[in-house]
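One structure is given here, and the rest of the page talks about it.
When the chains are written out, they are named A, B and C in that same order, and each has its own residue count from 1.
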Amino acid sequence: MTPLIFAFKLLIAVPVALVLALTAIWYIWESGNTVLYDSFAQKMFAGLENYGLLAIPLFMLTGEMMNEGGMTGRLINAARVFVGGFRGGLAYINLLANMFMAAIIGSATAQIAVMARAMTPEMEKEGYDKGFAAATTAAGGLLAPVIPPSMMFVIYGVLAQVPIGEMFLAGILPGLLLASSFAAVIALIGFIQGFPKGDWFTRKEAISALLACLPAALIPIAIIGGILFGIATPTESAAIASLIAFLVGWLIYGELKPRSLLEMFRRTAVNASMIVFMIAAANVFGWVIIYEALPQKLAALITTVTSDPFMFLLIVNVILLLVGMLIDGIAAVILITPILLPIAMNDYSISPYQFGVVMCLNLVLGLLTPPVGVGLYIASSMSGASPGRILRSLWPFLLAVAAILVLLSRFPAISTALI
Amino acid sequence: MLGRASANWARVEMALAAAMAAAITLLILLNVATRSLGVALFWVDELAIYAMAWMTFLGASAALHYGHAVAVTILTDVLPRTIRTGAAILADLIVLIFALFMIWFCWRWFSPLELARQGFDTKAFQAATFNFIYAEPTTTLGIKKAWVWSVMWFFALGATLHSLANLFDRSDRARGAP
Amino acid sequence: EDFRIGLITPPQHIWTKAAEAFGTELAEASGGAHSLTVFPASQLGNESEMLQQLQTGALDMAFMTVAEVSNRARDFGAFYAPYLANDIEHAGQILRSDTAKSLLEQLPAEVGVVGTGYGMAGLRQIVSRGDITSAADLAGLKLRITPFEPILDFYNAFGAAPTPMPLPEVYDALANGQVDAIDMDAELIWVLKYYEQADTIVQSDHMMFPMVGLVSGKVWADMSGDDRAMVGELMAKHVDSTIDSYIEKEQGWLDQIAETGKTYTKVDESFFGDAVDKWNAIWSEKSAALDGLREVAADTAN
């Protein structure tokens, strides 16, 4: 009964967050544990009491400042100097820029927010389909939690009691593999559909484009330097980045006025509250699910089916895909790790690093799968392309991730070789 | 009347939410600055997190007025107009039910009537009800957590106001009223 | 009845194992009338959330750090008196004393939970990026702590800059220098490899880290007298077993850390100068239990 009502509410366009909360309310009613109502509002609030979530509004603000201050445009202009003349150049720039950002940002949602706002209009201007532009950006965002640093690996490392530094190492090869597979997807789409061709800059244009972007380079330098030299945590580096973006946009480029700060904070509040509220609702939903020990019952079932680790991981992948449709990213990692990891390690002797990489990548994928796909909706709201339109271009990327997941499940060495 | 109240209140909510977004940024920058100077402040992280929570719940309530909230419209986009209006009214009704549930949860949680009955003596209140909401401390700020949690009332009441206004607006329009 | 118990520790942790053993024995002792589902790794929320769920009766039981409880019932802060225990066996003796047990009596009225008995984790140590020869070297340094009042007062007493930080961020923060040092127990220093990011490990043994077995006050009120006796006794037995586990394993972790080749120093109370006295002055005001526990400590010291 519960799944039917869930689907019905979703389909008549009740806001996703409220569907989650209402389903939790309904489920409590059905199970008779009405005592949970006394903790409901508190638990909803508690879903937000997480330091890592602060990165979401902060990176959104950075995106606002970089865009309004004319910084992203200049950065992309500079990148054009190098590959702009190739056919489909901007699509590859998008991917490369995402790889670069992934080495800075630890959260897929934050990265998608920054990049979608910046790249989609640029690509659209050059004649790319808006849906494809947003899809490329959203897929690129998946690199954020796989290429270190990664908020998700940190949380997994703690849950699994494995050192976080080594967990980061485990993500490097899979991250590169993922990026190459995305490049292959872009090449393939370009081959089939044909991309807009690019123009090379003249020498004079090239030099002025490079000079114009120099102040913008302060941001990645400040972020990486801030983290490496211990001045700031990754979350704090987002705040520093937004400060620098503001100062550069205001004092150097002269495109930002302090007056416009108000509007940027307002837009940040609109976009961030939308996403963070979904996390609050997902938290209370996951709490009810966990409280009824549904995942434990599910796990007990798997062990009766197979004794082969690869088969087990494939089954886990399918389950995680389904989980990822409903629960997003970090919340899902927190819910799933304690249930499945002991089975993986004890019953199938799977390395916790391999399991962590497979599980995290799979659940990151969930950010882009409807009905609950925060990353997809961020890409949509930041780019102005509807979720359906993005999905039409996104599925080849999702398939590529699925293929990588099978590889990662079959060959543990991809995850463990660097450790 | 209801519509105007909803619009005005949404404006207030968004102004507050924007102020909270600014507060988050300033607090996190303050954290970096004070820690570099060796005078790390103990309470900044917690305050920043609460600012984010306030921003979120105020923004989420306002989103009901502005129609910002993320929803799946794959089906409703292709429905014929009359059915679509019906679905929209039903969705508004479901949102209202949620908002009323939130009020009920807040009522059970904060038990304002029982607190008044105990003469606002929280010790007597928790002895009588076994509800410890007013004893809960914040970790570093030194204030009672109930003050921070009070945003849930703003959220519950705001969501009720906005969903009521949406519902009446939409059924008025469906009936062809001005 | 099917009870639920929540903990913050991961599945393989000693506390979680104890909770599982408690569940098994509870099922046996009740002839299958009761069962227990264990929710490890903060699945139901962090300790503060779990405590609130215990209060409403949404959660039946929890194994919880005394730190969380002491944020609500200040008397419990006395357990964190620096150098109250001489070593880990001594800490176990203090926790097993009648004086310690009598403190549990205030929990139902003050916090809305019933305390059945104490367990513990290892003693607190300091891991530092730089060389540390005395507490004066820590002055002005950013030092990560779990946020609760007694430990904050301790580090403030010798001028360190205590920085609260959730566990998931500690490894990176230490690696990058966002904090200069961390307050941690031997088990996690070894298992989560914090020593890798440090130059100096100071085995200071400066504080014990007790845990308490809790039952929701509301759930307790609905239990029959027989059930209360059975649940209370069995839970106390299994939280108590963690004391033996840590006494047995603590030295092994310390030895392994010492063998990593990092600078390893073992220090005593004098290392912290007058900080211990300062702490005692503050907390003799804050906690009515301090003097009683000091007497127990003196009586049980060997």
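The rule we apply is simple: contacts are C-beta pairs under 8 Å (C-beta built on N, C-alpha and C of every residue); 3 or more make two chains touch, one makes a residue touch a chain.
Note that the structure is a prediction, hence the values are computed from the model and not measured.
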| item | value |
| --- | --- |
| Of all other chains, the one whose Cα centre sits farthest from chain A | C |
| Chain nearest the overall Cα centroid | A |
| Centroid spacing, where centroids are CA-atom means, of chain B and chain C in whole angstrom | 35 |
| Centroid spacing, where centroids are CA-atom means, of chain A and chain B in whole angstrom | 26 |
| For chain B, residues that touch 2 or more chains besides their own | 45, 131 |
| Numbers and ranges of chain C residues touching at least 2 other chains | 48, 52, 56, 178 |
| Multi-partner residues of chain A (each touching 2 or more other chains) | 38, 42, 49, 51, 231-232 |
| Touch list for chain C against partner chain A, complex | 4, 10-13, 37, 39-46, 48-49, 52-53, 56-58, 166-169, 171-173, 175-178, 191-193, 196-197 |
| Partner chain B, residues of chain C touching it in the complex | 48, 52, 55-56, 71-72, 109-112, 140, 142, 147-148, 152, 161-164, 178, 217-218 |
| Complex contacts: residues of chain A adjacent to chain C | 33, 35-36, 38-39, 42-43, 46, 49, 51-52, 149, 154-155, 157-161, 163-165, 227-233, 287, 290-291, 293, 296, 334-335, 337-338, 341-342 |
| Sites on chain B touched by chain A in the complex | 14-15, 17-22, 24-25, 28-29, 31-32, 36, 45, 48-49, 52-53, 55-60, 62-64, 66, 68-76, 87-88, 90-91, 94-95, 97-98, 101-102, 104-106, 108-109, 131, 149, 151-152, 156 |
| Interface residues, chain B side, partner chain C - complex | 35, 38-40, 42, 45-46, 126-127, 130-132, 135-137, 139-140 |
